[in-house]
Amino acid sequence: MAYGERFFQPCLKTALALAFVLFSTSLAGCISEAEAIPAFARKYEVNCHVCHTRQPRLNPFGEQFLENGYQMPGTEDGGIVAKLKYGDLTLDQVSNYLGVLFATTGIEHTELKREIEGSGDQTELGSPTILRLFTAGTITNNVGFFVETTTIFGRSSELELGRAFVTLNNLGGMNWGHLRVGRFDPSAYFSMARGRPQFVPIGPKLAPPFGAFSTPTVNRWSLTQSAYASKFYGLFNRSRTAIQPYDSTLFNSPEEVGIDIHGRPFGDWFLYQVGVLNGGNERAGDSNNSKDWYVMTRFDYAQSHDFSANLSGFAYFGNHNAKVSTNADVSRSRYGVGARMRYKWLDIYGAYTIDRVTDLPSGMESTFDSTATGVTVEAHAMVTDRLLLGTRYDHLDAGGLLATRKSATFVGVQAKYYLRSNMAFTVRDDFNVRNVEGGTSAARNLRNRFSVDLSIVF
Amino acid sequence: MCSQSVVLTHRLLLTSIFFVLGYGVVPGMGQLEMIYAGTLEGTVHYLGMQPPSNVLKVLKDQEHCGAEVSIQTVQIHDAQGALSDAVVSVEGIKDVGQEAMEMERPVLNTRCAFAPRIGMARQGQELEIRNQDPILHNTHIKHRGRTFLNVAQVPGGNPIVKRLKRPGLHTIRCDKHVFMEGSLHVFDHPYYSMTNQTGMFRIESIPAGKHPIRVWHEALGILEKVVNVPEKGAVQVKFTYP
Amino acid sequence: MNIFMKRFGWALLMLGMAQPAFGGSEMTSLNMVEDGRTIYERSCLICHGASGKGDGPAAFYNAAFSASRARDFTVGNYKFRSTVSGSLPVDQDLFRTVTDGIPGSMPSFSGLSIEQRWQVVAYIKTFYSGFQEETPESISLNGSPIPSTAASIQRGKALFEEMDCASCHGKQARGDGSVALAGELKDSRGLLISPNDLTNRTGWKNGTTVRDMVRTLFTGLDGTPMPSYESQLAGHKEDAWHLANYILSLSHHE
């Protein structure tokens, strides 16, 4: 009987959760925090799937459109094709340059271990709600731009500038070199681009204080891609605020200021990318006069029926791009490989990275693990014409201060129901594989997170 | 068949004249082979159970087509399983160079069906399509995935004529009435026939020699046999499904 | 191989230029196909595939569950033509599609120069041998546009009913006819296909002018259920224009 009860309870819980998922998914549809730019679909008068498998994932055509600086592959169309023009301006086509993403988390339930003071299970409604505005396109042949701003209501409610850069394309010949200048996401062309997961990064919940060289208490671990996370405990950026181990950084930062160039001079099978960044997660200026630089190569197999795959590797060399609590500069570098495979509606992608901290002040070597690794694998498949099921595995083998460092392993499952191609409902659950382990670390405190989100791009 | 024989005789005569004049040697054996021609006779039977008719709901033009249609593709006519509407043809044979005659029967849209449902024609013949129904039909003919013709015909609309340029199976559909199906077999030679209600077929004037004979049936598929066609007289062959 | 062919083509072209009397134009056309191939592999292959079968790595996503997927150039089935049903398109038809694109499915490639577009047309034609055997001809559109008067539109409306356009396109021409709603309309790949909403011109795939509409009525769209009405409209010279006037009157367009 006792056994029966024990068995029955989790079973009922699972069944209820499943019923809720099914109920929610049957209600309506929508998108996630997509990075689809509906303005491009408007401009070229095509549907979303010309470039996307499912937003924000790109299909091979979308990848080449992106690489070519928002121009049709193999052309220098400048995006001003067949459009009404008044002089050099396309005054009546503003909607062709503007895109809006609106996403809201309907319900979010977080189960915490309560081992950190003040933390406990939380259920929130409508938080966060995100409004992101894009303006992007091409000004003339081979000259493009991209600017995004994001407002997260319910947190800071401030307008945040995301990426903002200019592209100069097809330098030296068709597909030889495409230049980006400004604040951009370095990993945009990598096998697993940081900004295009079906599992949207979930932000952390922090408790004050946020002083210089103080590490705020993390109530809820942030669910970002571990392969792209900072991985180290006890690092600070140049403005002396903590770099959390889950923060996306370096090559896989959401945005960094610099210049990079990529191209396919030998045909579709090979892509190179080289870039220089200010580094150090600095939003403006460069207190660190030395630069970070990186190189990425990618090999594509993408000619056969319904199948495409690619494999890429990168090396990112940091140069005094972080600090430890003694105010001494250290250098963080990252080496990684990534792969992606698409077969019809099956989309599998992942990355493995190794991070290293060098130039540690003498005396710290014994208390600081200077190597850390991370792996992220996501897989998705459309099971009907509207329902996308997916799963994600994340493992962070953390480094940094030996006293506080904790590795983290999370598994996520997600069902996304598309009401239309630009609207989706997402039901998602992430759970901590290591939640039986004790301790007050944030990596252990978050046991489970469940959410229902709605998102629209237009 | 009769008119084909006339043409063949005519050609034989010409060939003989050339031969007599000493030209016959130059064209070689191809021409000589034709002098000897036999007849292929046979039957096609189906020994299995007749499948139930496919009953389809009519969604459009019910007042004319009825509420539903019943389609039986396997037409058996006696206890022995005599099968009609099987297309029999001699394969791998060279075109004798005859001119194609006019088509005997056009493809009709009549009572919400194609008549004949299974048709045969010679490459080069002109296909004629008519609509005898008081409703609009479209005749959509495809050949190897390519549209050969997709035409709408209003009641009493003009007949449509198009020359059959390529040999092979042409499928016929009406997109407006999905239950309307048919096929047209186009051959680049005159050696083909269709079984009648006794399951019998007859192909005349086949050049003597071993030829693969092929039977096609809409639902039952394809049967093949190599038959030695004699120089004179007839050879009997029996095909049995399954 | 590719580079070799290209160089070989250039060499031949040079030879052709040196001796224009000896088939210079043929040499140019060889070069044109080779240049077209380079452009095709950069711009078109991703959807239409290396062998032109419409099976490029991105083709599936554009029309996974319903039409229209990237054209299979090896079959010779072309929707947008100026020729009779079952015919191949003339070069100008292919050029028009490359230039204008197809709303919803294919972007405009007017970013390619005019010369490059002709080169790619020349290369596309090599996928299907029928282009060497057949000489497609554009059909006459029975005159020129007639004013869209109330009487013309009225006559067009009567024709819309007579030609039973509503079966597929619906009584209000919103693409919701009974055959369409029953899910019975399929394209040549067996994918579900929706008739166009004739009240919304932005989605018209074969052009939006009255001339484009008459052409579509006459040629039909091969590989789709849309038949040719040429023989039905042939007797009355102006009927096609009345019908087109009526259909255009259903959508408001500046």
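The letters A, B and C name the chains in turn, as written, and every chain counts its residues from 1.
Here is the rule we use: contacts are C-beta pairs under 8 Å (C-beta built on N, C-alpha and C of every residue); 3 or more make two chains touch, one makes a residue touch a chain.
Quick caveat, the model's predicted, so the values are computed rather than measured.
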Shared chain contacts [chain A and chain B, defined touch]: C
Chain occupying the middle, per Cα centroid: C
CA centroid of chain A to CA centroid of chain B, Å: 63
Gap in Å, rounded to a whole number, between the CA centres of chain C and chain B: 33
Centre-of-Cα separation between chain C and chain A, whole angstrom: 40
Multi-chain contact residues (two or more partners), chain A: none
Residue numbers of chain C (touch at least two other chains): none
Chain B partner contacts - residues on chain C that touch it in the complex: 72, 75-77, 85-86, 162-164, 167-168, 178-179, 182, 184-185, 188, 220, 222-223, 225-232, 234-235
Complex contact set, residues of chain A against chain C: 44-47, 49-50, 52-53, 59-62, 64, 71-78, 81-82, 174-175, 267-268, 302-308, 342, 344-345, 382, 385
Of all residues in chain C, those that touch chain A in their complex: 39, 41-47, 49-50, 53, 55-65, 99-101, 103-112, 202
In the complex with chain C, residue positions of chain B that touch it: 59-60, 135-136, 138-142, 144-154, 157-160, 162, 175-176, 178
